[in-house]
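Each chain gets a letter, A, B, C and D, in the order it is written, and its residues are counted from 1.
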Amino acid sequence: MKFSFTDEQNMFRETVRELFADRCPPDAVRQSWDNDDGRVPGLWAALAEMGVLAVLAPEAAGGLGMNEVDLVRILEEAGYAGVPEPLVEHVAVAVPALAEAGHAALEAAIAGDSTITLNLSGEVIVGAAADAVVHRHGDTLQLVTEWQADEAASIDQSRRLGVLTDITAADPLDGADPDLAFDRAALGTAAQCIGVARRLLEATVEYVAERHQFGKPVGSYQAVKHHLANVKIALDFAAPLVYRAAWSVAHDDDPAARGRDVSMAKAQASEAVDLAARQALQCHGAIGYTFEYDLQLWLKRAWTLAAAHGDVRFHRDRVAAAIGI
Amino acid sequence: MNLDLAPQYVAFRDECRQWLTDNHPGRIGSMDTAIGFEEHRAWEKVLFDAGWSVPAWPSVYGGCDCDLIEWLIYEEEYWLSGVPGRVSANGVSLLAPTIFNFGTQEQQDFFLPRMASGEHIWAQGWSEPEAGSDLAGIKTKAILDGDDFILNGQKTWCSRGAFADWIFCIVRTDPEAERHQGLTYLLVPAETPGMERRPIGRLDGEPGFAELFFDDARVSAEHVLGGVGQGWAVAMAAAGSERGLSLRSPGRFMAAAERLRALAANVTDLDPRLRDEVVDAWIKAQAYRWNTYQMAADLMEGDEIGPEASEGKVFWSELDLELHATALRLMGPMGEVAHAGNDWLDGYVFALSGPIYAGTNEIQRNIVAERVLGLPRR
Amino acid sequence: MKFSFTDEQNMFRETVRELFADRCPPDAVRQSWDNDDGRVPGLWAALAEMGVLAVLAPEAAGGLGMNEVDLVRILEEAGYAGVPEPLVEHVAVAVPALAEAGHAALEAAIAGDSTITLNLSGEVIVGAAADAVVHRHGDTLQLVTEWQADEAASIDQSRRLGVLTDITAADPLDGADPDLAFDRAALGTAAQCIGVARRLLEATVEYVAERHQFGKPVGSYQAVKHHLANVKIALDFAAPLVYRAAWSVAHDDDPAARGRDVSMAKAQASEAVDLAARQALQCHGAIGYTFEYDLQLWLKRAWTLAAAHGDVRFHRDRVAAAIGI
Amino acid sequence: MNLDLAPQYVAFRDECRQWLTDNHPGRIGSMDTAIGFEEHRAWEKVLFDAGWSVPAWPSVYGGCDCDLIEWLIYEEEYWLSGVPGRVSANGVSLLAPTIFNFGTQEQQDFFLPRMASGEHIWAQGWSEPEAGSDLAGIKTKAILDGDDFILNGQKTWCSRGAFADWIFCIVRTDPEAERHQGLTYLLVPAETPGMERRPIGRLDGEPGFAELFFDDARVSAEHVLGGVGQGWAVAMAAAGSERGLSLRSPGRFMAAAERLRALAANVTDLDPRLRDEVVDAWIKAQAYRWNTYQMAADLMEGDEIGPEASEGKVFWSELDLELHATALRLMGPMGEVAHAGNDWLDGYVFALSGPIYAGTNEIQRNIVAERVLGLPRR
């Protein structure tokens, strides 16, 4: 029983953090909104280069052969940086599903030559410009390679959405488990939520220490202190559940226990990021409400990710079922 | 206590409702776009011509001398009908009470009818980069030069500022004076040479505000409202209006609550927790209504709105957020999608500014604690 | 349309407030706990004398012929004073029910010679030492005059509870409407909640202005200010719903509209008093947590009345049904 | 990361669970009554004799040198088993770490085994009427007279104070010194002549606390802990313990969450909103658990608990309130009724004190903001 990350895991995280800081600063995120594909040029290749896309692919297939515990803080960093790519979809869900199904598309996926997104619960897909979609079809998964979708504009410009209207070509992904895929998607999203919340909190702490009103720093007012203390507390009691869920997904063979742990994580991470966004905006005041100021990148990510792959109510219901009430 | 509507109020309500039904302009553009702004201005003229622009004003300025109850009924009907919002709100709700209180006869005669008809759409120019909720930090200088003031400095967060015709500003006319001293309330034409405006996008990119830059901009001293150096007192009277009855009448929230109710009623297998949230918001809209009718009764007895207006500001701004956040939750994964049928998303973004503008809710709670409850300031 | 109380109503309220201040101070409440009947000696007779017990009895029957609008602020004062008597039960519900049924027990009830309590929704009756119980039996009301009950100890010593186990004598109350009786009980309880919340807030404002910690008054800390501002706001937006509901009960012939208005009032009054109790205790700190200090009288009343005659959830459900969701 | 329990931990857990099952004393009286207090003392002795009283302590003082993981497992099993609470908690959780850190060898040898066995039950004597969360306001004087201190003053809110054998106090040994200076940590026998104690009833009337009155009470200077004038530093180290791991281990809340779950599972037609509240509380208990295991891993690497302990204090105290308030709501109208099966009501009253004692949650949030997040003090 040792609930901490290894030095290697921390180092990997640090390297990815630096990559994002370097290749995906807020300006790059904003530029991606005007690109045809909504991507940050070169970032996907750099992630492939670094092995990030291959974390959950077995070594035999050219991957790193790591697991969700290795991945979880990487995805947190993606949230922290506001990466506008379907990273969770591709890395945390599609890659292991392709591996489990032994599908040939795995090679391109981990090489960064393709981008694969998800449609596990219907309605809206993220990363509408992706090359393929891992799609839930009854109790199985498919890899959809040709489809029609209506574009949909998210409040979050970093999310290129589409509403799937027709599937014209798809391969079965036998051996890949749709429930596991969903848990991975929820876990990855929870990790991103933690990263987004951290960034919102850091940015706000920095701002309120500098900004003065009525002759003293805004951050010296007790109301502001308590708003941000509450965010910190929510974060510090949500993050361990996310790490614990990563362990369950990687190591627990009981789908019910795994689902319960993932749902606890996503419920608390959603709540934490929601509170972080609310207080970040309130403590920033008007400046945080503008399009020009970068806080909006994380505010919108907070709103959308809190609900993505199951909102608080959905995941609490799953926990309720798992614990017999 | 008598909560029955007297026959003349019933007649007023029916007339109002009928007119709004007959004259509904349909969906028009956003008032934060150049085209939508002019469409909204045209709607103001339609209202004005029919006498429905400023019903609570004296008829000489385009109103119909409504009493407070009629005004509240008008607001309820207005918002429930779903006609466009009021691009004139800054002027009618925030500036007009100040002009009525502090304006000269000439100012009243010139500005009020033009405001009522939509000829003058007003923006508010109070905040500055270093003076948000703390207006005493205002630095924009206005130095008298003959009959004019020469303005230098910067204003920000001017809602409607991108397209407005006039801006009501607070400027520092005595640079030696500190904090609340030496401020003056000044009405500034948007076409003033030396004044530039730059739109600021709000969260969703729409230019909801503008920044104003004054570089030796010359404004006639005739446009001072309430006396040079009196800006703080004059502004505080208007701040009372902003937080009080006139800016956010219950009708607005009752209409939103009704739309939320209808949205929920159409959801199959409505989640009981979401039902609970809808009901809670619906009840609060009613609470806001009855709190307002109570205040109206006091006002009609001659009382004034004091610091308890701050309670209303906190309540309606958090209610507005609750109404819109609940609607988005009801819409599930489609809540984040901007499309023609999703006014809730736009409304949510707007509602997010509620706890911030017109004095943050933190400041309002301080006011409630110190000035309503009498807790020690320090 | 005039949403305010008349001078006469305000004066009546003031007189009752003075009576309670004089005859039912906290010491008298505490003494009542040790009495056999749990009553404040002489108070009931004084209330009869003043006409309070007869507010809702018609003039023809020797009552004041007033209505719920006249009564609502009187009951608020009972909450404010922490009166340990089944006043709502007797005055707001039993008296008009007896009047509507033309039952002979009315005379003693308004003369203060009897005390009548309620059992409208089962399980627990308040004022176990009462002389009779207005009891819901299917779609009718009965006046139970002989019964067995097990005593039950409430956390609130001012509430003598009993769990009804058997009814051995009862008169039908034909003409009295059980739904109206329930609405009256909920309305009266809501009014009491408002009074309790006012008292809690006043006591706390007074305490935090005096109490110093870290060299300044506790009430000068922004966190404490905001706690109490929130209570004030909750109160000022709950009370008008209670007054509005009083009007509906008195004047609205549509039971659905009446029930909706009463439920809005009780839901918000319950929330307000709950918040008031929470913050009153927190802002008082340890002293408020003691048996000796009088704050506990209102804290316990807050906990019990917030749930009595329908808690927040119950009443929100009634509103939901009334507005069609 | 490895969340599998190693075989030796599994064995430890099973042994612990078995012993608690075999030795469960059944329901005993409240520790806030004279009889119940002695019943609890007897239970301490049973635990001690079996080596389960202070498992994390060195064996020389009655412990079994548990590591932190074992201690967390022990706490989980202890609370889940439903055996009585620990009347020794003030001593074991708050005082003992201070004795380990600051006590002389003689003090350790004398006090620790007697604390472990229940021979000495300790109360805390820190608060005074004018010094609640602000310990710097302590006024109780202790003036050296030969080998003794002469105490005068008053302490209050001493939990277990009515029946305890010893009280650990903070007193002012230098009356000239201000605020945090001149304070001394002093161990006071309950039978000290000149010290009177008066029980204080908590909300439900049970004597959960005592007031202590010192009137020329004479206490040996041998009982100073950590040096005369060092009281503030010594107390702050213990305050770290009080807010940190040792006072409120996750096991306590996990057990309460499990009881709440079981309560809810037995409700027919469970209201979905209440189900939601139960689940939320249950998840939070797990969150508290995993946060603690994370902290334990850091501690085992040699890190110390810093101001982030304040986060835990806020979290567990509000969770405890949520657990109990939810249970009472589940019980409906019977929630207010005190009876043998309703431990929740008693627990609710106890939980209400959580956000107040050991530094109010307002102060804890200040600490989180200033010392964890680094926001400016003023």
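As a convention for this text, a contact is a pair of C-beta atoms (placed from the backbone, for glycine too) under 8 Å apart; a residue touches a chain by one contact, two chains touch by 3 or more.
Just so it is clear, the structure is predicted and the values come from calculations on it, not from any experiment.
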{"item": "Pair joined by more contacting C-beta pairs (A-D or A-C)", "value": "A-D"}
{"item": "Chain whose average C-alpha position is farthest from chain C's own", "value": "A"}
{"item": "Computed distance of Cα centres, chain B from chain A, in Å", "value": "39"}
{"item": "Whole-Å gap separating chain A and chain C, where each centre is the average of the chain's CA atoms", "value": "51"}
{"item": "Residue numbers of chain B (touch at least two other chains)", "value": "271, 273, 276, 362, 365"}
{"item": "Residues of chain C engaged with two or more neighbouring chains", "value": "221-224, 226, 313"}
{"item": "Of chain B, residues touching chain C in the complex", "value": "1-6, 9, 69, 261, 264-265, 270, 275-276, 278-280, 282-284, 286-288, 290-291, 293-294, 296-298, 300-301, 308, 311, 314-315, 362, 364-366, 368-370, 372-378"}
{"item": "Residue ranges of chain A touching chain C (in the complex, touch as defined)", "value": "221-223, 226"}
{"item": "Partner chain B, residues of chain A touching it in the complex", "value": "121, 123-124, 152-156, 159, 161, 212-214, 221, 223-224, 281-282, 285-286, 289-292, 296, 299-300, 303-304, 307-308, 311, 313"}
{"item": "For the chain D and chain B complex, residues of the former touching the latter", "value": "271-273, 276"}
{"item": "In the complex with chain D, residue positions of chain A that touch it", "value": "1-6, 9, 69, 201, 205, 208-209, 216-217, 219-220, 222, 224-226, 228-230, 232-233, 236-238, 240-241, 243-244, 247, 251, 264, 267-268, 313, 316-317, 319-320, 323-325"}
